[in-house]
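Once you scroll down, you'll see the structures, which are given as structure tokens.
Heads up, the next two complexes both have subunit A, just with different partners, subunit B and then subunit C.
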Partner chain A sequence: MNESKPGLTITSIALLVILFLQLPVIVVVLAAFSSTSYLTIPPQGLTLKWFAKVLSDPVYLDAIRISLTLAVGSTVVSLVLGVAAAYALFKRMLPGTEALTSFLMAPLILPSVVIGVALLQYYSLIGWRGSFAALLLAHVIITVPYIVRSALASLAGVDMSVEEAARVLGANGFTAFRLVTLPLIKPGLVAGALFAFVTSMENVPVTIFVASAKQTTLPILIFSSVEMGVDPSIAAVSTLLIVATVFVLWLAERWTGFHRFI
Partner chain B sequence: MSNWKAGVLLFGPLALLLIGVFLVPVLLLAPTSFHEYAPGVGIVANSWTLENYARIVTDDYYREVVWRTLYLGLGVTVSCLLLGYPVAYLIVRGPARLRLPLTLLVIFPLMLNLVVRSFGWIALLSNRGLVNNFLIQTGLIGAPLKLMFNLTGLMIGMTHIYLPFMVLMLVAALQNVPRDVEAAAATLGSSRSHVFTSVTLPLTAPGIISGSILVFVLTISALVTPRMLGGPTYKVMATLIYDEYMQLLDWPSGSALSFSLTVIAIAIIWASSRITKRWAGMA
Partner chain C sequence: MSSLKLDHLSKHYGEAVIVRDLSLEIANGEFVSLLGPSGCGKTTVLRMVAGLIAPTGGKITIGEREITVLPPNKRRIGLVFQSYALFPHLTVFENVAFGLRRQGVKGSELEKRVKDALALVRLDAFGDRYPRQMSGGQQQRVAMARAIAPRPDVLLFDEPLSNLDAKLRDEMQIELKRLQRELGITTLFVTHDQAEALSLSDRVCVMAHGNIEQFAAPEDIYHRPATAFVASFIGKPNRLAGKVASRNGAGGTVEIGGGVTLNADRLDVATGGEVELFLRQEAIELRTTPTEGPVNSIPGTVQLRSFSGAHVQYVVRIGANTEIVVEAPSSGAASNLEKDASVYLAVAPANVFALAAAEGARS
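Presenting the complex of A and B:
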């Protein structure tokens, strides 16, 4: 029965579309190694000078440092707050679990640019503009839905009688959760934390309204320097980001086999 | 300790944060959008007006930007659907050993930084970009094609950005189509294309709808790619909001536009969930 197998036409179209998906990535990497400042096919010569330029430029290094601090910080805060809240929702400790869950997911539904301008106005009003903590909280708001979602999905797959057994044997609530449930939901949480980290690392629409000039993150730097034209050092720093992404994905896959959670 | 108290202790911190740094700020946009704005002065205190909303439907420029945004959303959705369906079909119905590598190739661009992907399209589509250089070198065109700062550029870039979401939705939908039903139709004499249009396509309709809604809403809300590929002149709603806040400092008008964009997005999500529920009820 071959009736519903994809034929040659479908297969070729699909493979071309998948190539189209990789196209900008290939171009960025080629541009980063190209010795001319504009792109040609085939590349006119190979060089590492754009990488050297980026890695010795304090503007880029600062942006990388700020982005990483922000991403790590907001992921950790989101994990702590998000897992606690998801646990309360899962155990139905409060009335109106469904409504409370939708409330936690609301930042995903609203256009990011709207959250951005709302926070710009609010932070100006209460005098929080330029504060790093305020920027971090803004990132927690946009990353925490991913943590809550993955925590809820993982908790749904856990047999709660194991945790109850631990409590019967004398463990208090937190110890039982830490030693029994937490290890069971870890793979899902790693996937959620990865999404949260990536979301924070790439955010522009909220960050650009909230961050001060001293808090320029890497995506903001690339976003605003593009208006000056295509500079190969942007391609080089982008290539570093691509390599870092591949490395983090590989690491997460090694730890948890997280592709099952996508 | 009662269950209720534990619940408040666990849920409370995040709830307080969301109320303080999300709900209140968004609600505070509402009063701003009804205030008057005077250039050079800023928000006029104690002035209440509907002007900021009226302008969106009456002013030619605003109307053009709103229509362009919706048109772009529709165009990107349709092209994601047309390009995404063959990919999803190959992933679900193709050789089993290709499944994981193909899925990873679809997800990979999604995990990459959005500014990096948009920058890649600038390198491809600009006047001295790869596409134009290639076409000029091969003698196909004399002068560079205008592929950026217009609808073409935005369509190409945003189709690329949101295609993975569509593929993932369609993969999930195709997996739920029982092969027996297709086989039965084929046994009863249906041609291959007839099996597809009368069995496979209707059965994947819920996935098509949810994928389309997702792509449409993401497209009309997007700021980064439209700004990078459209430049400061070719505007959509999100980039117009950005300019009103950051350059013109006309916050009342910007917040009215923000509310309009939010209302459009939420109305579409709400309407689609009504439709899918009604369909599920019929089945």
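Presenting the complex of A and C:
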């Protein structure tokens, strides 16, 4: 039985890699509790004042609100469009299915900066710059691949005769989808929606080109604050982000067992 | 309750013809099987009737209602799938209620009709279960209850028993027949299993290559195959090539080489014409002495004996090195013949099927 277990060398290397990957997270979380007014490791003293500062600072609160609105909005829009697109692609309702799939997936592969610059020019041309709709659309473009990918994978696992059964039993196409297919692909969609949400929530490279000065999202605020000088409130807000993400993932796992879909 | 009529129905995919100009009429309350090898187009016919595939040409009518271009949800059809296609996220009750809810049935009426449908398949106590908590046979019955509950005009079955083990399949066959008789719903049953088709149906439609080969009562299909394909597909036939030696009324004599001739009651080929000859393993009797009279009696030697429970199979060599498989009941007189024993094959002329050679027929 011992052969099937990894050896000591492999185990230690794996642990080192995990430690190396997680070290920055640990550093940030520790730094958030430092009582000095600059980032330092190991932290000196223990205080929650940076969290209090962040949560009472209207600039941070505004950024959090904008980021959440944007992330929720773009996830919802992406869900509707992405599921519809994936369904049509899966059923091969349109010619050129492969090409269309690649096109929808392209934002995953294209450098975000390229998308950002392209959208900046495009929005300037049509006079959309600075509008919330423009920012939302930009986030939809970068989040929709996650929905399409998870929806396609989920649809592949569904026996399509159940939808036919629903049709024959008197459901029209949309009802059959809503009552049968949709519930069956829901766990996959939750996983895709979480990826979409997190992607929108943390996006800098596209947002920074498209957003106006009034539309400072949380990652943009962190980014620009770092440029001006680092204080532990940035570590505190980052810690809040980490905690929120872990919480959302934990919830999703509880609801859907979505680890099977990653 | 209504009749089902298929009128010059066809389905092409580009050059490929799946169903060719097929016409078929099923009477009100009749049970008809579409029987054929895989790829013969039988499932395509069923899916066209259900509205899941659009026909290339032709007309489908239920009673007086033409349904050729109606979407599946407007056809009032019940369909039982090979995979059952139960809704895995819904309870048995909700599965059966699905069609009724689409018709707007609610409350106590809904409850009553679901219970009735489940009672018909003897699953009254299983309403709260999910499909995954049930055995294959039970899932099959839920699928039937679900198809029956909305009281469809026509019931369609797509190889519904092929995923069950042999014993359960026999039970379900009886259950299915009982159910269909009780409800009197016009039924189209697709299968590749001849025993299933013959035992369940009022009439059997044998299909090959998108065409109807024969549409007749099970007894006629079995005893009077109309084409070489049907003769080769039904039963366990020995297949020989022969030539018509002489004609005699409706029948005649066929020569199969090595000086062996066989009389057949029915023969549609002129003297000198090539025929395919089909002798069912189960229609041949092995005797130790020649038989007088009209019965064909052919001398041969036992080459091999193989015991399989209810039957014993023999390989017998006759004429010019032709090998014939004979199936004898293991409780009969010819159950214990040794290798190299001299025997006589006795075959009634009614069981000699001599038909014009067809292309693509298979045994």
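As a convention for this text, the second predicted complex is superposed on the first by the 251 of 262 C-alpha atoms of A that agree within 3 Å, B and C clash if a C-alpha of one lies under 4 Å from a C-alpha of the other, contacts with A are read in each partner's own complex, and residues count from 1 in each chain.
Following the convention adopted for this analysis, contacts are C-beta pairs under 8 Å (C-beta built on N, C-alpha and C of every residue); 3 or more make two chains touch, one makes a residue touch a chain.
Everything numeric here is computed off the predicted structure, so don't read it as measured data.
The wider contact with subunit A, measured as residues touched, comes from B rather than the other of subunit B and subunit C. Once the two complexes are overlaid on the shared chain, A:137 sits against subunit B while remaining clear of subunit C.
In the superposition on chain A, contact is made by A:249 with subunit B only, not with subunit C. Look at A:22: by the touch rule set out above, it reaches subunit B but stays clear of subunit C. Shared-chain residue A:166: touches subunit C; no touch with subunit B. Of the two partner chains placed around the shared chain by superposition, subunit B is the only one that A:118 touches, whereas subunit C remains out of contact. In the superposition on chain A, contact of A:56 is made with neither subunit B nor subunit C.
Once both structures are placed on chain A, subunit A residues 173 are touched by subunit B and, in the other complex, by subunit C. The touching residues of subunit C, when paired with subunit A in their complex, are 50-52, 71-73, 75, 77-79, 81, 83, 85-89, 98-99, 102-103, 146, 150.
Of all the residues in subunit A, the ones that touch subunit C in their complex are 159, 161-162, 164-173, 175-176, 179-180, 183-184. Residue ranges on subunit B touching subunit A, taken from their complex, read 3-4, 6-8, 10-11, 13-15, 17-18, 21-26, 28-29, 32, 83-84, 86-87, 89-90, 93-94, 100, 102-109, 111-124, 126, 128-130, 133-134, 137, 160, 163-164, 168, 179, 182-183, 186, 192, 195, 200, 220-221, 223-224, 227-228, 231-232, 238, 241-242, 245-246, 251, 254-255, 258-259, 261-262, 265-266, 269. The residues of subunit A lying in touch with subunit B in their complex are 1, 3-6, 10-11, 13-15, 17-18, 20-25, 27-28, 31, 38-41, 81-82, 84-85, 87-89, 91, 93-94, 100, 103-104, 106-107, 109-115, 117-122, 125, 137-138, 140-141, 144, 173, 198, 201-202, 204-205, 208-209, 218-219, 222-223, 226-227, 230, 234-235, 238, 241-242, 245, 249, 259, 262.
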